[in-house]
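Handing you a structure now.
We just call them A, B, C, D, E and F in the order they show up, numbering each chain from 1.
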Amino acid sequence: MLMVDHPPRDACRTREQLDLALAALALEQLVTVVFIGEGVYHCLPPDRRPDSDVSAGFGSLELYDVDRFLIEEDSLLERDLGREKLRFDLEPISRHALRDLIREQDLLL
Amino acid sequence: MSVTHLIFATPRTPGFRQALAAVSTGDRLLFMGHGACAVTRTDALTAIGDLEDIHVGVYGPDLESRGLLGKIADEAVMVLDEDGLLAWMTANRLNRTWQ
Amino acid sequence: MTPALSLAILLSEGPAEDVRGSIARATIRAAVRATHRVLPVLFYSDAAYTLLPCPARDRWLQLADATGATLVACPAAAERRGISVETLGPDTGIYPMGLPAWLGQALAADRLLRL
Amino acid sequence: MSVTHLIFATPRTPGFRQALAAVSTGDRLLFMGHGACAVTRTDALTAIGDLEDIHVGVYGPDLESRGLLGKIADEAVMVLDEDGLLAWMTANRLNRTWQ
Amino acid sequence: MLMVDHPPRDACRTREQLDLALAALALEQLVTVVFIGEGVYHCLPPDRRPDSDVSAGFGSLELYDVDRFLIEEDSLLERDLGREKLRFDLEPISRHALRDLIREQDLLL
Amino acid sequence: MTPALSLAILLSEGPAEDVRGSIARATIRAAVRATHRVLPVLFYSDAAYTLLPCPARDRWLQLADATGATLVACPAAAERRGISVETLGPDTGIYPMGLPAWLGQALAADRLLRL
């Protein structure tokens, strides 16, 4: 499970999180990606296409057969964001359910 | 003398709380970088709302790149372009960055 | 019209993020349009890593070209991070200036921004 | 399965809150680096105290270098040396760093 | 006024904060140093002398005639620290008073 | 006595702080005493800056000498930060290993720590 909890605009860090997910997928791991905390902002489409929208790369993970693609609902609520505006097809998960899901993983990244 | 607070800290962080604790009448709160999202969050704006007579601005491109331009939760927030950014940055002699 | 101001900027963030860096560049572009005087921009602390070739350095050099802004880095900060002081100069477009020298003129500026 | 939480985040930061929200029965909370000071702060320990049946440890040298060794606010906190650090780090297959 | 708000053990960052204060003093500025937030930990004497106690360098600022050497009381209280254990001779200041003092400065660093 | 474990460590913090780095080294020293197997330690993200000469690098090389631990850095992470890939090797004591190759063996380890 990869937990994305840092905000966008750290293009380098975003890129390196993505590479980690892609490397795990290439090694035929079952990968679950969770957006949590400030990381949920990756999932909003930018109002105008900025020079480099590295976060869009998380969308390509869908093509690579990510096992589960989750967003923590409480992080959205805390930021007054609704699920209807998100650009990726994400499954909502409560903070409570995430706590239990963490325990079923082989690895947390 | 009034102070311009350059706020890169996100809401609910120690830097954010320190910034608000340092604000006084007439100050400018300028939200930028990861801090820009504060103007879309009611928890953050409520904390700011308790302060009297302060100016709140946000650097537009930092909101736009996050898809948050239409989500500002208070009409009094000024959305600034590059020139507005400079005007706010230099409006007071005193400024402080909060990370 | 506001009167022209002199503006000193100290950057301490590493180039990988470049969040505060992009704000600094936006401010400088606007300052040049407003005919303010932009003093040498100091790369201090982890910003000294901007001396190495990276996208943030390209963006800074582009800005220096377009606006005439002078870019300087603190040799001590660079050395502490294992960056050769010899990279400072025309090769990188970022020149050496020690913290005391920079601060000396920054204190006389109308505005000092620490980003 | 139990999880070892490697906590570098300081109290009252988002990372600290996220860590506590992820803790469940049987987990280990290991405070290190800047996070070591949590075990001397009643606000932090109160938040942890609400959780049941968890183990709390701190890396001793990170407390010592801050002069906080005598200030631990709860007797149940284990002070770990290098070998203890490793034992806690590896006690569970699952671990997660909170920054 | 120099506000020290980051914790010790970032030896490099601590050193560079110190250098900033020393440079300002060398330029004959009236310097006020305030320890606030996580920065207050610089002011505790370490239990055992660690390899490099860079924070001790703040003590040397006293010799250089720092105008005021302050510690924010509320930051101490939040961390359950008392003033009696501090290694430097610091003047306490409340959060409220600091807010007003900030406004009297020429420059905030 | 616990059975011997294999231990993979990924470090992503820059060397100026070296807070998580010092925890990583303490863990490795103890692991070697416990006769665990320490897999190559990967310097990823800003930890790639450790390739440049700095106090943190000295501490890492000292550890490698004392414990036999292998230090590797991701060439892509280094390149992205303008650090020449040629520094990877015997000169710096930090060897090249890509993220996929590292992750391949790290996934098979008993414990993976991301510091």
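General observations
Here is the rule we use: a residue touches a chain if its C-beta (ideal position, glycine included) is under 8 Å from a C-beta of that chain, and two chains touch if they have at least 3 such contacts.
Nothing here was measured: the structure is a model prediction, and the numbers come from that model.
Seen from the Cα centre of chain B, the chain whose own Cα centre is farthest off is F. When the interfaces A-C and A-D are ranked by C-beta pairs in contact, the top one is A-D.
With rounding to the nearest 5, the Cα superposition of chain B on chain D corresponds to a rotation angle of 180 degrees. With centres set at the average Cα position, the gap from chain B to chain E is 26 Å. Here the CA centre of chain B is 24 Å from the CA centre of chain C. Each chain gets a centre from the mean of its Cα atoms; for chain E and chain F, those two points are 34 Å apart.
Residues of chain C in contact with two or more other chains: 16, 19, 45, 80-81, 112, 114. In chain A, the residues that reach two or more other chains under the touch definition are 9, 12-13, 38, 107. Across the assembly, chain D contributes 10, 12, 14, 33-34, 61-62, 93, 95-96 as residues in contact with two or more other chains.
Shown are all chain pairs that touch, namely A-B, A-C, A-D, A-F, B-C, B-D, B-E, C-E, C-F, D-E, D-F, E-F. Chain E contributes residues 3, 5, 36-38, 95, 98-100, 102-108 to its touches with chain B in the complex. Contact residues of chain B toward chain C in the complex are 6, 8, 32-34, 59, 61-62, 82-83, 85-87, 89-90, 93, 95, 97. For chain D in complex with chain B, the residues that touch the partner chain are 10, 12-14, 17. Considering their complex, residues 12, 44-45, 76-77, 80-81, 99-100, 103-104, 107, 112, 114 of chain F touch chain A. Against chain D, in their complex, chain E makes its touches with residues 7-9, 38, 41, 44-48, 50, 53, 78-81, 85, 87.
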